[in-house]
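Next up is a structure, given as structure tokens.
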Amino acid sequence: MQLREALRSAMTEEMERDPNVFLMGEEVAEYNGAYKVSEGMLDRFGSQRVIDTPISEAGFAGLGVGAAMVGLRPIIEFMSWSFTLVCLDQIVNNAANVRYMSGGQFKIPVTFRGGNGIAHGLAATHSHRMESVYARIPGLIVVTPSTPAEAKGLLKTSIRCDDPVIFLENEKMLNETGDVPDGSDFTLPIGVADVERQGKDVTLLSYGRPLARVVRPAVEALQNDHGIDVELINLRTLRPLDTQTIVESIKKTNRCVIVDEDWGYCGMGSGILYRIQKPAFDHLDAPIEYVHSDEIPVPYSHPLEEAMLPSVDRIVSAVKEVCYR
Amino acid sequence: MRAPLKDCSDPRNCLHFDTHVWDTRAGVLNRTGFDQLEWIQMAVANDVQVAEKRTAKRAEISIGQADAVSADPAVLRDRLRTMMLIRRFEERTYQEYTDPRKFPDGRQEQKIGGFCHLYSGQEAVAVGCVAVMDKARDYLISGYRCHGHSLALGMTPHAAMAELFGKATGCSKGKGGSMHLFDAGDHNMGGHGIVGGQLPLGVGLAFAQKYKKTGGVTFTFMGDGAINQGTHNESLNLASLYKLPCIFVVENNGVAMGTQVDRSSAEADLAERGSGYNMPHWNVDGNDIDVVIREFSKAVERGRRGDGPSYIVANTYRFRGHSMSDPMKYRKTAEGKWRPEVEEARKRDPIVILQNRMIEQRLITDEQIEAIEAEVAEVVNQAVEQAEADPYPALEDRFDDILAERYPLQK
Amino acid sequence: MRAPLKDCSDPRNCLHFDTHVWDTRAGVLNRTGFDQLEWIQMAVANDVQVAEKRTAKRAEISIGQADAVSADPAVLRDRLRTMMLIRRFEERTYQEYTDPRKFPDGRQEQKIGGFCHLYSGQEAVAVGCVAVMDKARDYLISGYRCHGHSLALGMTPHAAMAELFGKATGCSKGKGGSMHLFDAGDHNMGGHGIVGGQLPLGVGLAFAQKYKKTGGVTFTFMGDGAINQGTHNESLNLASLYKLPCIFVVENNGVAMGTQVDRSSAEADLAERGSGYNMPHWNVDGNDIDVVIREFSKAVERGRRGDGPSYIVANTYRFRGHSMSDPMKYRKTAEGKWRPEVEEARKRDPIVILQNRMIEQRLITDEQIEAIEAEVAEVVNQAVEQAEADPYPALEDRFDDILAERYPLQK
Amino acid sequence: MQLREALRSAMTEEMERDPNVFLMGEEVAEYNGAYKVSEGMLDRFGSQRVIDTPISEAGFAGLGVGAAMVGLRPIIEFMSWSFTLVCLDQIVNNAANVRYMSGGQFKIPVTFRGGNGIAHGLAATHSHRMESVYARIPGLIVVTPSTPAEAKGLLKTSIRCDDPVIFLENEKMLNETGDVPDGSDFTLPIGVADVERQGKDVTLLSYGRPLARVVRPAVEALQNDHGIDVELINLRTLRPLDTQTIVESIKKTNRCVIVDEDWGYCGMGSGILYRIQKPAFDHLDAPIEYVHSDEIPVPYSHPLEEAMLPSVDRIVSAVKEVCYR
């Protein structure tokens, strides 16, 4: 199953399960989704529940929060998380804060989803990696799948979750295929990292798109070409972070490398690094390495963009460095 | 005894407001320009000329059932009491804000923190609005100047004052404060601190009402300053495109902080900002609760009928400063005296207007008004006393109410 | 030979657009509703009735000096050439986007990355706009559909194509790509990828013109989808409040991605979205360059005179899909055939309109048109060849052009 | 001189020096500034150069960027940095990206300034600490003063700087007084941290408001009550970070504590921690401690707000912990 199909089946099943769930966003209905994630859903559920919007991100993000305050369970699709720079206030001050500011009177069961990060050739305005911006905010849940099964299992839990969920896909991930467990009961837990591969030499932390693009290939290269046995942890949830699983792993490997496509400084990896450096300090034989994108606006030109991104080579070097090889 | 009801001398509050002119296009109720007399005269002239054609359309929005004149005297007295309660609450809040708590050891402590925006002078809008609401299915959402709306919706002065004091018994357990009063039970959807930030939420509430076919409507309040936020454009368009029962109310008190409307909006007739969305948009006299009730009712009926949103500018006046620290220089002459506008506005005090009208119509006596005055003063007194005696939240409580679920979560 | 110039059959492109109706208030040029014939008739009738009163006001905006009919034939031919160059460039871009670069070893590589939005069909707007600009002091800023504006302003097809190819010789050194074409020398202020994001920048450019008293104006372009962003409200109000020489141009090509205007805007007459700001707002036929020139000139004069901004909706049609991946189902019947609108739009091709008019007026011959066709094809050919031969930026160059200063910095 | 006066004198001097400098923002002119920073400036410079705006942050932030593209040097005042959640796109995609996306054709000499962070009793919507959000963005400069002299010297350099500067004040800082060097030539460098106090036992990093509120008192308490000799570094510039000064200090003290009022995870301190943990790793005798606000929306109620903030006690404990005392 393609990852886009997994997302679609999660949404379809949840909409069938609960009439309060609806899907709204730019081009989700008549166009069948800018990236065809919602293909066929308008036909299936009708225009009351699969709803096209004008290009008004602040308007419809806030609409989702308002509807969630009174019991609907909106799925709000952003064509790109980059565009949420125009509506951050609605997510931070309304989705994340209204529950607290009302002393717990409201639940905000809204799921915001769409493509996050670099999707190649889109240049600086369209290539924002927003994970650290949202993961920093108390009151939000941040989830990021990397396989079709994760996409389905995590999205279903996100839709059922009574808190606002930031669900980060990536345009280039949508064509990826993988097995997805049968049955509409299949869900995956939020707040639990997945130890994708057991290993004894080094703990490698990553999430989302770079896993398939560079991290898994690097892990293989490290084993085959360098004899380094990597424990690979796919974080899946960025807030709340499953610190326990990570620290347990570092206690075993005594080494840690973080890989993401964010900018490093104040980026996602910085947050992860902060969460673990203290509990892991006594177990670390080397500083934590953090492989991230170059700290530059994302250039359009393909070779420059390629050069700025974490690569298999950069990961291999970083792992070798913490292993002092 | 009561300042007599005069001809309006402040053009902003002039009764011309509820003279509405029909645009020729279907369903669009147009506004009158209050500072462009020529335009008003012109409009009125046109109105006569094409009166025939318009009659059919005008009938589309009939007068609401809540017409003040025909209402039960007890209901009218209750509205007056609510307005007086709000005024008393706000004026007491002013005192509480400025009088620090004094401890035996000489230490002082501010009772109310942060910003505090009083509603005095605008009571007819909130109380008139709540009068036309069906609280079983309608919602109200507002900005940070939300004490009046909250009390009108039924929040007890104690729950409001305790929130201002940051006490555990406050409506939001002390976590929201003056700008963020919520009461889910009253369908009071807050109290929102970011100017214009509540507009998309209001659209979402109305969306839910349409989605669930409740027949409810949502009143979405904002100030005259908020119309210049981006959310204004997005929210009006979405509400009208989806034909949502969202009633946008601009409380035009003439000023945003210290910026008068003509220095913040390129078009001084604010109802015009509601054009371009295929939605009725008009001015009303926000100081006359009967006008508010009559005009808001039209929007409610339109919403309930499924015809979509409305945009109403309620023109009123803020008696106090923007927040507590505001010296209101923009209302003073170079010599530091109040400008005549302030005196004029006092004459159009919404409470006095209603009192005088009720006296004239023999629906209330001076003695009864004084009894109400005493009663609301006592209620507010007790609210303050109780709130003052109430405990602060336990420090560990600060970690509660952030998320509804426990994590890890699988469902 | 050229498809004959017909009466407009697509109401969106009908010449009614440039019939403008005056609002009674000072300086406000109103729009005609193109899908509300009744309203148009009404408006026209009113126009006659109050014609007397309006004459004085209408005179306020006189016809610009750039009136097409009186222009030098060489200038007209040059405009036609620019439109044809843009068309040829865009159609070639379409090919280059879809034909990957093939290497001897069988490897393939896309020449143009990311999103690419073609301007075919809208040429009269950009070229007409540049015709009224004084490039020494005026600016133009646009959205991501910016190839046409850039070429019209004087960017060489080579600099544009090299940018699309991500080459070091591109106008932005390969760093901006298709959506972000800039040329400071041409006063081409970009190429902006975020829908509506450029509007405040346009206001800022116009602010600088007023601040420095240059007499310049800024054309701020957007699509029909962009009018639903929050920045639209904020920018229009700021520009009018400060009386800035900012000319907002909505290129209404009927659709935002796959969303037709009537599904994105509650009011289908987009010029109406410019009301409420005390600013002239009107529709023009964006497929007729002479109309564009005449109407835009009015806004330019207004701006230069210091009277403030204007809001013009140029109604046109996008011949290609939104971006390269768009199958345009929304323009097809259930059987996958083009809907009649597409055929109609072809008949209103802005290039054909100008060609036919010039032929009729004996300003050009068929042979001359063919010569231009051949010439621009060759220019584009060479641009592609040169761009293809050009080097990519050096990898280290990616660290340049982020900041203008070196740090630590003390000044 | 009060800090607000220092800001005013920086702006006044720069406006006298360069006619292209102007001040724009909500209530800056006729109201004399929401916090009286610009008091008297309208009278001095007139309404062409001291300009009130409607409540349209995205509009006037972008206006500033556009004006800067063609050579003006706008000072854009935000009543609070919290409100920039509604205009982040203008700052990130326009101020920070236009230069890069145009291949360096434009300079963007705009200064955005206003109150950042917690100003007491303002609750969750009005208490955002935005420093990490902006410090993460390539193309921006982030500066934060803590004394009147710094306010003046840094603001003057910021206005003269040809790049977009995020200048973070704090409402509660404005009344603080201190000496400011005479003369309109006084400026301070951007990108240079200040070693406020030499010490040998531990390196303490902080910036902005908490320095006066809790950090300096804690340093005194540590010396007096615990005999711990703190080297206190006032960062002054958050992007670019003066990593060198910090690492030099840690080489001497072998211990480091970071204090700010941000949320920890993906917050400012996380970014700082990431920048230094690797170069300092071999010199660290203890994990880096990071004292930050509780990771909760900011509560209104005074005791709760107090409890969430870094305090002298928390700092003392953290320092004692890294000193193993």
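In this document, chain identifiers A, B, C and D correspond to the written order of the chains, with residue numbering beginning at 1 in each.
In the analysis below, a contact is a pair of C-beta atoms (placed from the backbone, for glycine too) under 8 Å apart; a residue touches a chain by one contact, two chains touch by 3 or more.
Nothing here was measured: the structure is a model prediction, and the numbers come from that model.
Engineer: B-D or A-B: which has the larger count of contacting C-beta pairs?
Structural biologist: Top pair by contacting C-beta pairs is A-B.
Engineer: Find the chain most remote from chain D, comparing centres computed as mean CA coordinates.
Structural biologist: Between chain D and every other chain, the largest centroid distance is to C.
Engineer: Provide the C-alpha centroid distance between chain B and chain C, rounded to the nearest whole angstrom.
Structural biologist: A distance of 43 Å separates the two centres.
Engineer: Whole-Å distance, chain B centre to chain D centre, using C-alpha means?
Structural biologist: Measuring from centre to centre gives 37 Å for this pair.
Engineer: In whole angstrom, what separates the CA-based centres of chain A and chain D?
Structural biologist: Comparing mean C-alpha positions, chain D is 30 Å from chain A.
Engineer: From the mean C-alpha coordinate of chain A to that of chain B, what's the distance rounded to whole Å?
Structural biologist: About 41 Å, centre to centre.
Engineer: Could you say which residues in chain D touch two or more other chains, in rising order?
Structural biologist: 54, 56, 58-59, 85-86, 89, 93, 100-101, 123-125, 138-139, 296-297, 299-300
Engineer: Give the residues of chain C touching no fewer than two other chains, as numbers and ranges.
Structural biologist: Residues 170, 172, 174-176, 180, 192-194, 197, 228-231, 233-234, 237, 241, 263-265, 402 of chain C each touch two or more of the other chains.
Engineer: So in the complex, which bits of chain D are touching chain B?
Structural biologist: Contact set of chain D toward chain B: 26-27, 30-32, 34, 52, 54-56, 58-59, 82-83, 85-86, 119-126, 294, 296-297, 299-304, 307-308.
Engineer: Mind pulling up the chain C residues that touch chain B in the complex?
Structural biologist: 24-25, 33, 36, 38-39, 42, 227-234, 236-237, 239-241, 263-267, 272-279
Engineer: Help me check something: in the complex, which residues belonging to chain D touch chain C?
Structural biologist: Residues 22, 48, 51, 53-54, 56, 58-72, 74, 86, 89-90, 93-94, 98-109, 138-139, 141, 156-157, 160-163, 187-192, 237, 240, 242.
Engineer: Mind listing the chain A positions that touch chain D in their complex?
Structural biologist: 58, 85-86, 88-89, 92-93, 96-97, 100-101, 123-125, 128, 132-133, 135-139, 239, 241, 263-271, 273-275, 277-278, 281, 286-290, 295-297, 299-300
Engineer: Write out the stretch or stretches of chain C touching chain A in their complex.
Structural biologist: 110, 112-115, 163, 166-167, 170, 172, 174-180, 192-197, 225-226, 228-231, 256-259, 263-265, 329-330, 392-393, 395, 397-399, 402
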